[in-house]
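Each of the next two complexes has chain A plus one more chain, namely chain B in the first and chain C in the second.
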Partner chain A sequence: MRPFTYAAPQSLQEALDLLAKANGTVRPLVGGTDLIDQLRQRRKTADVVLDIKRIPEMHRLEYVAREGLHVGAAVSCADTAAFAAVRELYPAIRASCLLVGSVQIQNRASIAGNVCNSAPSADTVPPLVTLDARAAIVGPRGRREVPLEEFFTGPGQNVLRGDELLLEIVVPPPAPHSSNHYLRFIPRNEMDIAVAGVSSLVALRPRGRICARARIALAAVAPTPVRAKAAEAVLEGHVVTSELIEAAAEKAVEACRPITDVRGSAEYRKELVKVLTRRTLRHCMASLGQPLES
Partner chain B sequence: MTFVANFSDTTLRKAVRVVAKLPLSFTVNGEPRQVFVQPWQTLLEALRDELALTGTKEGCSNGNCGACTVLLDGRAIVACCMLALEAEGQDILTIEGLAKDGRLDPLQETFIEYGALQCGFCTPGFLLSARALLNTNPAPNEQEVRLAIAGNLCRCTGYDKIVRAIQAAVEREA
Partner chain C sequence: MATVSERKKTRYIGKRTPKYDALERVTGQALFAADLHLPGMLHGKVLRSPHPHALIKRIDTRKAEALPGVKAVVTAADLPPPERAQGMLGGELLISIMDLRRLTIAHDKALFEGHAIAAVAATTPEVAEEALDLIQVDYEVLPPVENALEAMSPDAPLLQPDLYTKTLGEQPERPSNVATHSESSRGDLERGFAEADLVHETSYETKMVHQGYLEPTATVAHAQPDGRITLWTSTQGIFGIRRSLGHLLDLPLGKVNVIPTEIGGGFGGKIYAILEPLAALLSRKSGHPVKIVMSRAEVFRATGPASPTHITVKTGAKKDGRLTAAYVKLVMDAGAVPGAPIGGASLVCLAPYKLDHMKIEAYDVVTNKPRVQAYRAPGGTPAAFAVESHMDQVAERLGIDPLAFRMLNAVDEGDRMTDDRPYNRIGLKEVLRRVAKHPSWTSPLPPGPHRGRGLALGFWAGATLTSTAHVLVHADGTATLVSGQVDLTGTRTTMQQIVAEELQVPLESVSVRVGDTDSTPYTDLSAGSRTAYSFGAAVHNACQDVLAQLRVHAADHLTAQPEHVEYADGRFWLRDSPDQNVDLVTVARRSTFRATGPICGRGTVTRLQPAPQFAAHVADVEVDPDTGKVTILRYTAFQDVGRALNPTQVEGQVQGGAAQGIGWALTEYYHFEKGVMRNPTFLDYRMPTSLDLPMIDCELVEVPASDGPYGARGVGEVPIVPPAAALANAVYRAAGVRLHKLPMTPEEVFRARQATSAIG
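Showing the complex of A and B:
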């Protein structure tokens, strides 16, 4: 690796001062499972690697009634998945954290790192987008929050400025009578990057199967994670049936702008989006006690 | 710990590569150790090159193969994707520390009995992933065993003997 300086400040202010004053490129570090490889491969450069794991605020993992879930930037995917409130209220977040690499990777990698790395295929992102999660960012001008849906600007690109740090991900409490699911397709059982991924969220009205709110977010089929808003509109306000789910799955494909690469062709990715949208929606209905006959 | 300097000048950067080593204090296999490492050295490099603990293997060096698996505060991690300085104050267990007082870990015994290795290069990583699993889940089923070692690649055995050896160790520890 090319030489760099390592800094592990113990306070947020110290970290922000360092970001503001350092010469050259500063790269925040949490798990290192993306960054260290990128530095080694010279796909990224760093003059300073800024380890944020010794900053107490970065380790917040808390569920607050009415506010929702706070996942600090330094919280590992393993700890997030094991957290009681995540197990209970956010099954899709848990599922996606347990899809990020191996056990060894999950013990180091964080949702914040997955978000800041901003790969279109990031597994933890689609469930967070369906849950209307926000990225809490700190910088010299204080704290600002950005809906995660608006955080990404391109492959590896996002709205974070050079003097800012991602502090935590905030996820509102799940809506009543709602269910959320994430599925990705890979050609093997474990340890691979999504060819396509779909997260669906369905909230039903108190009785029956009328959809009050739908969210569908797609991974690895566009330059950034995207919402399939037209597909959501197919469902909202209607009784959810197998036919309606089929129509929503067809619509979801329209939100894709996939590329053809080693993992799959653009056409294949579109087909996957249809299949995964259908499966995640059916799963949501089943877990809401409203299974659909096939 | 904070260490800040401006290394943007290329000449300075080259000089720094030779001289700038920083102290790292951590616990390795139960013993406090202090070594001097460069900020860009990985934990894997520090273990192998500074502490001569070469049982931790370098395979892919990008977090995919698991050959460099060690336990960090009891949890399996890959030492190639961690800077040595990140280990300040932490507790590391490598394969050299798995046997206690001259007695092999039950996993080491069953790996031998079941012939769960051929070339042996991946074995330290498998043993530590399996150890981390049994430390938190003393009675894993086969699926849980397979998931726990999904991040360790073996190109010789086909995995079945490794899975059976881990399951045998589970029974032995019960």
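Showing the complex of A and C:
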């Protein structure tokens, strides 16, 4: 690890000033579960490490009726998962927060950190994409919001500019009669990175099994998290059956552009997307009180 | 030494006494090499080859030396000439001193990715790391030899132009990547196969895996101005390290003192000197103490993992299940220099089976990979994976229950090992009988699809070697065991029990001290399942010597002859007049100024008989048919431990060995791409976590060993031998596919199922 300057501003303005004036690369820090390792391994460099945990706004964790859920950038995955509104309304966010790393890592890491690290395998991202979450960004020109689906531009890359900070993630209230789930596949049972991950969201029309809205988002099978829009189209407007779910699972594979690496081959990843899409959709239907025959 | 095979009533032996060093470990007081900080100490870092195979044309260290804070840079040119670099070093695997010298730091050729090229000592680790970037190395990159089969082909690039195959047959004319071709045989193989009703042949492959010890390799060296070198190091054997340093640095043994620090796991991987010579060279050159601590990636790339293998098994059997012949071909990858565990694998592969006709051929092959070291029963796990998978198939083809098949062919006392040594007392059949009656085998699988149960056997002969112990009795009657025997696996705990048992004193009055090479007599390394067995015998003997010396003092006090003195529970008395007696404390105090003087009992053993160990593991698994992921539902390890000196410690060994075997079976492997390891982190080199392992139930069978203390056998290694085969056999029954390669990752199981359904 090379020497760097550590800064821990007390206010948002102070942080933004520091960003604007700093020489060299500034790396914002929350839990450091990615960043510290990257610096140690010299996979990233930093001239300034900017700890945002002392900025009050970064700790917002609140559910506002009609607006939805606000998760500040410094809120840990563990705190997010334990938050009453998350437990009640956002089971997939909760599930994904409890999958990141291990218990120790969940106590340090934040959703914002997972988002800004922008790994294609980030577990917290697919559920947020299916929920139409937005990234609230602050910079010298004020606040802007970007749909999370458009936030990522490549492995480790995103739309944040050098003088901006991710302030919070905003998640709209879940649609009525909807259910949302996230599953990932890892060879072990914890302390691992998704070989593939799938989040599915199903909203049904009042009464019955007709799908009003479907969202399917995939992790670790493309340079960025991606939506499987063709698979969503298979479901929307139709009565959800086992056969339809099977067809959607097949379609979801078309959204993949996986690579073969140490963690799995491209072919296996595609197969996993099929399996996980099927399993998450079936889970959604079951939790909507519409279990399907197997 | 006295054999104590009959069960006597014991006070401490067989009891779950607390771990000797538990408190200092859990409170963080235990001192590891990386914790050490000496005045003026520098930090060393090692420049490693990014290429698995390359000629080194030029090394320019000038810029690195000029960096402020850098105190020394060393390369192979700093090693003394190799006059004393002769002979072979033992341990669990042999290595020649010349090869160790070559491994320590690359001379003219880098033989694997991670091979040390140069080392730097600087005032901080950061400066040392920066200096590495300033060293310029010109390589001429050569094509890497990636695996043993490729290495054996006549047109493969040669790693060493002066390596000729050692063989019993004709002497080779051309150099080769095959270092050794060994054969062991018995009877007439052709005749054996001719007698068979069924001849079955299968092949298997296992990949390179790492011991995965928690504590990264670390060392501190201090070269004094008078030429002496002191080393604080994490090692399984201080005398082996001293000898290596003596050879590599051209020093008499009395000038090298090796002080063992606490060791955070070794499993056979902390036997050879790796960092020690580099730290010593840097200290010599800089005049400061130098510490080097490896990163995890360096541990993976440059310490010495376990050998990858290609194994073929061919057997003949009668319809009734009796084996008539067996042939095993073992091709084992040693990595950069010779020394794959062909001996261990040859001993393990057919050990449980009575065979009149058999032949084992083994090849020790060099490739451009890290040089392997021992890993817990070295060679045993791949050998058993192959043979125990094979035997399950034979039993199935003959329609015989896998346990009954093994019982039918099981060896007894008097039968011969594959190297023709006769077995002394062994407990294989007792182990099999225990399995036959145990619910893990007799109860049905819990209901559910894609579930199966597998059984496999394991064997380990165990080393004995030389062990020495001193037991001192202090003036107040308390005692200290002093030796150079490193505590790798709870040695202090068990030895405290032996001393307290033999001296008949409270456990708390016995302390155990692991000393250094300057102040303790020679004892061999802690490895090969030998420590409790062989060192335990030495400690037992030292205690008898203590009692003999104490009797002299007691006799002096009681004005009698020592042979008339009896001893029990801290009191000496005259056999014929028990009211004439004296307590241990009085005798101990007198020993500091009277008669034959202070008490120092010496115990030594050099040639115990082996105490062969057999194990059987039973695994229930479930396979996810969609993803191929294997979940272990139940796991039971049966093992003949002779006598469990401390059941808690023994169970820890059994569970630890099984856990490592499970990792080897399911998820662990070096992922090489053109000779470069792509997963040198615990993230992508997947050892099982606590959530991946089932409870490992231990069934300890106690068939006393023919020799050694209290009938105990070595216990540490054999539990890693059966897991891969037990799981492969279970996966076969659960998923209908036979895996011939390790690890059985979800993707491999998935592909195997796909291939089967494509055919079917």
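As a working rule, the second predicted complex is superposed on the first by the 294 of 294 C-alpha atoms of A that agree within 3 Å, B and C clash if a C-alpha of one lies under 4 Å from a C-alpha of the other, contacts with A are read in each partner's own complex, and residues count from 1 in each chain.
Throughout what follows, contacts are C-beta pairs under 8 Å (C-beta built on N, C-alpha and C of every residue); 3 or more make two chains touch, one makes a residue touch a chain.
Keep in mind that this is a model prediction, so the values were computed, not measured.
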- Message: Touch test for A:E246: chain B only (first), chain C only (second), both, or neither?
- Response: neither
- Query: First (chain B), second (chain C), both or neither: which does A:R263 touch?
  - Reply: second
- chain A residues in contact: does chain B have more, or chain C? B
- Query: First (chain B), second (chain C), both or neither: which does A:M1 touch?
  - Reply: both
- Message: If we overlay the two complexes on their shared chain A, which of chain B and chain C does A:D163 touch? Say first, second, both or neither.
- Response: neither
- Have a look at where A:T33 lands relative to chain B and chain C in the superposition and call it first, second, both or neither. first
- Message: Quick check on the superposed pair: does A:V103 touch chain B, chain C, both, or neither? Answer first, second, both or neither.
- Response: first
- Touching A:E190, do we find chain B (first), chain C (second), both, or neither? both
- Is there a shared patch on chain A that both chain B and chain C touch, and which residues make it up? 1-3, 189-191
- Message: Quick check: in the complex, which residue numbers of chain C touch chain A?
- Response: 126, 130, 626-627, 629, 666-667, 671, 678-679, 682-684, 686, 688-689, 691-692, 745-747, 750-751
- Query: Which residues of chain A touch chain B in the complex?
  - Reply: 1-10, 14, 18, 22-24, 29, 31-33, 36-37, 39-41, 47-49, 51, 53-54, 78, 101-105, 107-108, 189-191
- Interfacial residue positions of chain B with respect to chain A in the complex: 1-8, 13, 16-17, 20, 22, 38-40, 42, 61-64, 66, 69, 72, 75-78, 80-83, 85-86, 88, 129, 132-133, 147-148, 150-152
- Message: Under the stated contact criterion, what part of chain A meets chain C in this complex?
- Response: 1-3, 185, 187-193, 261-265, 268, 271-272, 275
